[in-house]
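Next, two complexes with subunit A in common: one pairs it with subunit B, the other with subunit C.
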Partner chain A sequence: MQTAIKKWFPILALPTVVAFSISFLIPFIMGIYLSFCRFKTVKNATWVGFDNYLRAFANKDFINALWFTVKFTVISVITINILAFIFAMILTKSLRGTNVFRTIFFMPNLIGGIVLGYIWLMIINGVLYYFNATITTNATYGFWGLVILTNWQLIGYMMIIYISGIQNISPDLMEAAQIDGANSFQRLIHITIPQVMPSITICLFLTITNSFKMFDQNYALTAGAPGTKTQMLALDIYNTFYGRVGWQGVGQAKAVIFFLFVAAIALTQLFLTRRKEVES
Partner chain B sequence: MAEMVKQRKQKSRTPMKGKDWVKFIILIIISIIFIAPIILVLMNSFKGKLYVSNEPFALPNAESFSGLSNYINGIQKINFFSAFFVSLFVTVFSVILIILATSMCAWFITRIKTWYTKLLYVLFAFAMIVPFQMVMYPMSQVANMLSLDNMLGIVIIYLGFGAGLSVFLFAGFVKSVPVEIEEAAMIDGCGPMRTFFLVDFPILRPSAITVAILNAMWIWNDYLLPTLILSNTRTLPMAIQYLRGGYGSIDMAAMMAMLVLAIIPIIIFYFVCQKYIIKGVMAGAVKG
Partner chain C sequence: MKKSKKIITCALAGCMTAALFTGCSGSDNKDNSGNADTSNVKSIYFLNFKPEVAEKYEAIAKKYKEETGIEVKVKTAASNEYEKTLTSEIAKSDPPTIFQINGPVGYQNWKDYCADIKDSELYNMLTDENKSLVVTDGDGVYGIPYAIEGYGIIYNDEIMQKYFNTDGAKAKSVDEIKNFDTLRLVVEDMQDKKDELGIEGVFGSTSLKSGDDWRWQTHLANIPLYYEFKENASDDDVIINCLNAKEIQFKYAENYKNIFDLYTNNSCTEKTLLGGKTVDESMSEFAVGKCAMIQNGNWGWSQINGVSGNVTKAENIKFLPIYTGIEGEENQGICIGTENYFSINSNVDEATQKASLDFLAWLFSSDYGKDQVTNQLDFITPFKTFSEDEQPSDPLAREVLNWKEKESGNLKNPVWMFTAFPSDKFKTDFGASLLEYVQGQKDWSDVVEDAKASWKTEREASAQ
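Take a look at the complex of A and B:
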């Protein structure tokens, strides 16, 4: 059977492999090489060693974007997960209309980042109008605007994951705890949270990577204004590539650093999940 | 009023207690907060430019009501129907191609066990953690060199980018298909292609729906990739961004109207296949 299937490689696997090479594999290798080069187009690149990396770390916008992204990620991850968990707890009690609520909370997740950005631009500017300001008046407004937007987008999604985790807890466990006299807070700390640990790891991973890699929402809501103060990493890289002539090499170096951050987060996550699996 | 509550209580299977009512009301308030942004967009899409920025929270009245002028204005400015058609074309054809190509590829690399299929599997999994910014510049250059900067070319680019997640998910599902039934089909005279499409593909159908939904949502909403690839046409997210125009000159009234038109298809799609969407997104989440 193996040899029969192997003969069909050109039809079965080749289309995907070719497309994958064109849009991912070759650009990825080129990207690593180009991060060590000075270039305006791909064809005339000259090797400059670690120069681009040094320039990237000396670039104020990049460092600012890094801090902005980290602060934003920490705050959004905490708020999204706490709120999503609370909603999930409420919705797993057999209340009337829970399905309708679930449908409503999940909906914003389907709307694209650009559209989301402009929805909230209108609302936040509408509120700030009463204080004679706009979202670009102050970087703090942009920061909290992005946090609110991301919460609105992701709470429903994370909530669905928490709900399935909570529903998997065996009712016997809860009953036993109740008989032993554990109050609802003790049951939450000692049974619910440890039992939904797999859901918590998935949700943390999704919220961290989503917030860290955010581009569209940032681009539509503040576009980095005022100045470049609300620019996140992805937007800073984009602007380095397409906004400054002669900085493509630095842009690519920033992109490699960005990739290493994301990979580090993903691998840490994988490591933690594996360890959990061994324990249980 | 009290009687009505009583009647309702009797109808429901598990009667709600006082505490549950409080929770129920809290949930309704939260739901209103969740829907409010979309209602606000809808409301403001019927107001004049000035009123959108000065009193966005007021209902349209005789003074601020502008009829359909925002819609007409926006549709003309961004060539809405052309953008809508481009988005639809790219999404539909990319999803069809991704489903066909990656399911076959996943079957191939799961059934054939040699060094290069193992390598491919690792590469597909690896592609999922690489952020788009890492490859966007060289990718746009490669696409340009190969003349893929049009609606058909971008479909191939999407196949390449979608391959990571899609092959990974399909490979997981193929593993659960017993090899014995494939062997039986082959003994009965089916070639590999017929075996895959007549035996495996029907079994993989639910997973194909999952993969289709995940990719459709991504491609329909994608902004940056088409911006870098397409040279003469705009997708819907690109058209909406185009309304921003020069620095600080956003026509928010036309913007609101276009947002309404952009959200309506998503909401219809959501209500038609809600069950699959939530299931699909959950399956996609596990990939981490």
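Take a look at the complex of A and C:
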């Protein structure tokens, strides 16, 4: 059996490899190539070397967007994971209707980002209307609007992952700890959290990358207003690409830098949390 | 086993690199035979800019196929998505042969794809006065305007008449409003009498939501900058001067502030809520009679007319020039110009280029085509093939024609020179500044300084 799979591996893997190349690898390599070019469409590129990268870093919008994104990511990763974990703890107690609540909490995740953005724009502006303001009145409103929106969208998803982690903890361990006289807080710190470390790894990874890469929600909710003060990296890249004549290459260069950032952060986080995972 | 894996990996990598390079070198598939025989051309491709008339273009394309056998593929980009759609469509193996650019700055963006169409029939069809509107580069002509539009302050004459009949009205007819001072007196008095007039404010919302602020950061900004660049220059040179300007003085910034403050102080919406308003919302405020005036162009008619609960009547909708308190504005008309230019894709073979031009010439000169353009597409065209009575019948287009006619006297309609503004970024930055100003977070002097600085950096950035 093993050898048969090995023998047919190239043919069996071919469709996936071809699809992956067409939809991911080729565009990715072309994207890197284009970041060193001046171009209007992908066909008429001329090589300009590192020029685009220099212009990207000289651009203060990019630095502002980076800073805003970092702040946003830190806040939302913390809030999402803490709230999701609390919900997961509550919904793994044997209470009535936990399945209903799990479903309800998960549902926001099924709505697309643009739609969510517009819905929350209406809600937030509807509330701020009573204070004679809109979400664009102040960049802080936009920031917290984004945090609330992302929380609302991602908590349910992360909660499901935590729930499965918590349910996989062996009852024996809990029982043993209880017999040894550990109170519920000690059980949380010494049993539950170490045991759900794999879930934490996944959830941190998903929330960090999702927050860092966020585009739709940002575009629909604030579109960067006021000015470019609530503009995140992905939106800045998009605006660079279309906002100025001859800046497509710079947009592309920003996208490559962006990719490196996301990859570096995600890999570091994976490395750090993996070390903490315990074998059960 | 390991070896075969390696071979496959190498082969795949090779394929990918090959695909990459063919992708990059496929742009020069021009047929330089010089023999432009269109008999072999089976289809042309027109990427349409105006979503509101997409279906009408399809009917026209069908008729053209019946007459000539050439298929016209019409694809329409969604509102605000034209540049993006064009960027991806033009890189395909079957690219648009006719597309649209929005003026000199748009041409800079697309110049690798614009063919010289100086010798075309379409160019020769332009009236002499409109030949100055084309997009040129050296001796070549790269964009031909096809629809003339105008904008100003649209007002609802029914409400105005009601006001003129009130006690102590500051004017007795719209004709008396010839400058900013009179306009302000009338507007402020109307605002005081708003309950009597049955309106919530004189002006519709100054929509400043990002993406909906073009009426202020582009159209309104045209007026002070038009006067700035017009000094010591003939009218034809205004756009060129603007295009070449590395810096602006924003000499008439105070005048911009005059009118902008008038709009926001006498509006049906509180200043602090303007950041959430869209153009659609303010057009419907006008349509349902919540306000008496609104700044927009003749394209706004379809929007006003399409609002359910519309109470404004076609015969009551008229234009007033945007007065800002600049000397000599008694003779200023509404802003008339164009940002709609046809260009022909230079990267398709010559026969197809010729066939594309033939289609456009047919559209703007055959009886069927002209009828469609006038009555279905509602374009005011710059071509001499259209006679006086072959013009659209919608009230605002009629108004644009009226104002154009008045030019035979002393009156002057400012041209559209915002097509020469340095970049979209300049416009969005200015719009964002205006929003902060209106919300009381920025002083006017900073708005002016930022606009000047932004012009300079954007001009430099786009020249790189």
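Convention: the second predicted complex is superposed on the first by the 243 of 280 C-alpha atoms of A that agree within 3 Å, B and C clash if a C-alpha of one lies under 4 Å from a C-alpha of the other, contacts with A are read in each partner's own complex, and residues count from 1 in each chain.
Simple rule for what comes next: a contact is a pair of C-beta atoms (placed from the backbone, for glycine too) under 8 Å apart; a residue touches a chain by one contact, two chains touch by 3 or more.
A quick note: this is a predicted structure, and the numbers were derived from the prediction, not measured.
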Scan A:Val42 for contacts with subunit B and subunit C and give back first, second, both or neither.
both
Name the contact category of A:Val17: first (subunit B only), second (subunit C only), both, or neither.
both
Where does A:Met30 make contact in the superposed view: on subunit B (first), on subunit C (second), on both, or on neither?
both
Of the two partner chains, subunit B (first) and subunit C (second), which one does A:Phe205 touch, if any: first, second, both, or neither?
first
Determine, under the contact definition given at the top, whether A:Lys6 touches first (subunit B), second (subunit C), both, or neither.
both
Scan A:Tyr129 for contacts with subunit B and subunit C and give back first, second, both or neither.
both
If we overlay the two complexes on their shared chain A, which of subunit B and subunit C does A:Ile179 touch? Say first, second, both or neither.
neither
Check whether subunit B or subunit C contacts more residues of subunit A in the superposed model.
B
Would you sort A:Ile114 into first (subunit B), second (subunit C), both or neither based on which partner it touches?
first
Overlap of the subunit B and subunit C interfaces on subunit A comprises residues 6, 9, 17, 21, 25-26, 30, 41-42, 125, 129
Which bits of subunit A are touching subunit C when the two form their complex?
6, 9-10, 17, 21, 25-26, 29-30, 33, 40-45, 55, 125, 129, 132-137, 223-228, 239, 242-247
Would you pull the subunit B residues touching subunit A in the complex into a rising list?
12, 14, 16, 20, 23-24, 26-27, 30-31, 34-35, 37-38, 40-41, 44, 52-57, 101-102, 104-105, 107-109, 111-112, 120, 123-124, 127, 129-139, 141-143, 146, 148, 156-161, 163-164, 167, 179, 182-183, 186, 191-193, 196, 217, 220-224, 237, 240-241, 244, 250, 252, 255-256, 259, 262-263, 266-267, 269-270, 274, 277-278, 281-282, 285-286, 288
Flag every residue of subunit C that touches subunit A in the complex, lowest number first.
1, 4-5, 8, 12, 15-17, 19-20, 23-24, 26-27, 83-84, 87-88, 90-91, 105, 108-110, 112-113, 208-211, 270, 272-276, 423-425, 428-429, 432-433, 435-436, 439, 441, 458, 461-462, 464
Touching residues (chain side subunit A, partner subunit B) in the complex:
1-2, 4-9, 11-13, 15-17, 19-28, 30-31, 34, 41-42, 87, 90-91, 93-97, 101-115, 118-123, 125-126, 129, 152, 156-157, 160-161, 164, 202, 205-206, 209, 213, 215-216, 219-220, 233-234, 237-238, 241, 248, 251-252, 255-256, 258-259, 262-263, 266, 269
